[in-house]
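In the two complexes below, subunit A is the common chain; its partner is subunit B in one and subunit C in the other.
What follows is the complex of A and B.
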């Protein structure tokens, strides 16, 4: 009773209400401009290589940014996020090969399948402490990878899904046409990034940051930490699966490497490379890693050593991602202007 | 494609010879896993980091042993160089790299280890080549297998089990009774206090890491005659030994032993009953333990 009375007599707190709409309009504008620029790219540069590069950036960028929702925003260091990338690629490829449904149907069905798997795995994993969480997600990734390898009759084992993925045209969009595929990938990338940005800036997104900073306090003020973590785990899985689907469309197949743990490792490294403190950091990291990978594989067959040394340089030497430096530089300059 | 073959499992359980064969094969899988997992759990218990590159030490142990065996022809020297080589490697790795990321967030520790997984795998590929290698069974063990209750037991398996059990006993007793063991346990509890009392904790950390690396290297060297060697061979062992520590409880040596034996038996009997789902069985077991006892079967205080 006393608590209730105290609550009634207390003055309502004056909380300044922040109108989220201007920010959202700005995001919409940025997304539209980005999409238009990407769509104009083929007219300026006809090189197929460049367009291929952008498609790969779309696939890995969605994957890496969704991982940042876990690592950077929630403090959940998943070392098995790549399983959803692989799941998306295989789910989509199999759906197209076996059933022949229109592409959007297969897209939605794959997301639904990923949702179910992510809920089950997430429910087991998200209550674990950080290092356990990292390794148990990694273990699940290896389970999915070994299932793909051993279930040869369905997945083709270590040969991967071969014979190409049929890409029937839908409403005039023909994904076997390289330009159409490019535009679709860019659209998926921009929409995906926009949606993730909205998640990150929503009240739920701020709940996640609070869980990252102090989970105990968050649960004291009535946040269901377990549920919030599970929700973001599942959402991130859906975006990762979308990345996997772009990849499957791009290579017209799916290979066990898409579900191997190194994809998760690369995702973590992309986040480190670009920086986890900014929303677009992972996107920058993706571009950098893909350029690095392409250059190194052309120069030497031991690209693990080079990549490893670069990782060490960032992890032990710089201790920060590239975008973190950019943000700091801007903050410093602004400070100088004021002072 | 047979997914479940319970008849095969039942008929094996009914026959003593099959039971003996499967149990010994489960035991050697378990013993090798134990040696790797106990190093992982020891390093975690004292240094509070999970050595994600632990599988690489297993791999190096196997390759060192193979090279030493080819050069000298002595099996004892092969085992010794596998263990000693990885101990030195562990010491250098800890002092030069890992010691820089203690106390930093888990992401950095994982990244440093991830970098070394990539580097070590490529180093092995450079030195020994990418193809599968095999060391071959030493002449001393090329003798007809023993028959116990009709089941086939190669004598080498007995040596392997014996060495692993001896390592477990020495480790367990050493940590519990010896002076160094007590200092290590104290450093696990409160490194600041141990350091203030005049012990060089950096040396202890390096030593524990070297010990962990040595145990993984010993496992690799022991496995070299019975497994094929390939770059990246350490990774599946790392995942399995992590599952072992999750089941047994992080930081518990007894837990690692029991967990490793359980996983070994699940693998060997599971391959009969669920040929396509053997790995899945292992994960299923891990999930059951995690859900019912999140700290593992024996996990309470750090060793």
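What follows is the complex of A and C.
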């Protein structure tokens, strides 16, 4: 064979190109459709309870999905992610009660405050190995919870922020109006999920997957592992705080339970229910948990037992979340059809 | 040019690397051999930043790498593969390559861009072609054969365009036939890429056949350096490592 022929035969085969751009357009489209559907909901069903349910899903869904960026994508099991949910609620509530700034200003200022706190806590935590990371994040959660309880003059202690959060209207949006609050919550949910999806699918998102799989190898291809972990820790905190702010707006207040460790526990619970291998798993888990919570508490006062049995079923029975199960089932079926 | 000057590392009282000085010329192919516990892996770990040297310099084109972190050293152009294939089990071959290039390019800080970046494709494609992994692009790394996992590990180092490539026993855990295929691949890479390659190898037949330069380590020190012929005739090497019978006889 001459060299020319050899060169020709070595020509790479034409490979199907996964183009980056159409995928992003697809995400924009999905986000828009989701938002329009959510916005149409009040016209189809007038039920206030349903809208309340969706608002709570928005708050917890943002929180749980941001936790999945840590747990599922990076392999950082945080037991204290709920502290940022609480910080968001309290930061926003206090800002509105004490300063009377417009809502968008308080929103951005709360995110800025969360950013600073998350950078400090994250810088301490992300260098720790698995179990130590889990427990030190839990310790910080307890620290923030205790601070809220004992700083009575500012936070109202165990009574929480009472007297309601003033919600002056801005740009024609009046958040004391239930429908406006609903639409705003949906918009925040959809925008938040869209942004998190972009992070997960960016080169940085794949850096996180590499760190999860094999952090040592990642550092030997030039990745600053702790810096990447810190960045995602802070970003996740911002989305969790956004969830907290929706919650504060919804209940028009903030309570110490928002910053208690059980919120972090519920986040982990939601992720186990929905599954951490798909982007929307935590969102599905959120809806499941809230439905369970609402129906079970109506039926029995022992709702803890029922929820415990459900989590055991998912953890021991399925050994994965619902979305993991569904995705695997479809993949298997497709495999069988082909085979 | 990679120059090692007076490199030393002790663990407790044991000198794992003892005042080692070596030059690796640009585009050279060097085998590092030595009995078990000779300090070969420690030597690699010092160069790549996995271990911090007690003393000495590691000069890559005149810039000292000693005491820097692994990511910094990789960015300066020293890549490595591991004795036990070190890969990302849940990613496919293609994702692994794209993600590695993506992480390399992202240093400028683009998070808003969608994966994969169009310009990363060519580099990823090139590395997969070189190592013969293009046909297995959609296989999850965990499902690859042992040999393919080793190739993927090397591809991970190579896709970053290193100036120096360190391979810690590329043929570890392979059968005889597979060993030769792997080592032919290493030689082919070296010839095509024109980079400096240093590899650790136990199989003397392989070493003497393909490595133009050989370094013999023993108890953390350099016992000998030179061409295969010179090493074969070296009295100290014969005594310490090769044994006086077959290899020495083959030359005589």
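The rule is short, and it goes like this: the second predicted complex is superposed on the first by the 320 of 339 C-alpha atoms of A that agree within 3 Å, B and C clash if a C-alpha of one lies under 4 Å from a C-alpha of the other, contacts with A are read in each partner's own complex, and residues count from 1 in each chain.
Following the convention adopted for this analysis, a contact is a pair of C-beta atoms (placed from the backbone, for glycine too) under 8 Å apart; a residue touches a chain by one contact, two chains touch by 3 or more.
Being a predicted model, the structure only gives us computed values, none of them experimental.
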{"item": "Which superposed partner A:43 touches (first subunit B, second subunit C, both, neither)", "value": "neither"}
{"item": "Touched partner set for A:209, first subunit B, second subunit C, both or neither", "value": "second"}
{"item": "First (subunit B), second (subunit C), both or neither touched by A:171", "value": "neither"}
{"item": "First, second, both or neither for A:220, with subunit B first and subunit C second", "value": "second"}
{"item": "Touched partner set for A:201, first subunit B, second subunit C, both or neither", "value": "second"}
{"item": "Subunit A to subunit C touching residues, read off their complex", "value": "10, 12-13, 15, 17-21, 23-24, 198-199, 201-207, 209-210, 212-214, 216-225"}
{"item": "Residue ranges of subunit B touching subunit A (in the complex, touch as defined)", "value": "1, 50, 97, 100-101, 106-108, 110-112, 114-119, 121-123, 125-126, 235-236, 239, 242-243, 246, 250, 276, 279-280, 283, 286-287, 290-291, 294"}
{"item": "Complex contacts: residues of subunit A adjacent to subunit B", "value": "71, 77, 79, 124, 127-128, 130-132, 134-136, 138-140, 142-143, 146-147, 150-151, 153, 261, 265, 268-269, 272, 302-305, 307-309, 311-312, 314-316, 319"}
{"item": "Of subunit C, residues touching subunit A in the complex", "value": "48, 50, 69-71, 74-75, 79-80, 82, 86-91, 95, 98-100, 102-107, 110-118, 120-121, 125, 129, 134, 137, 156-157, 160"}
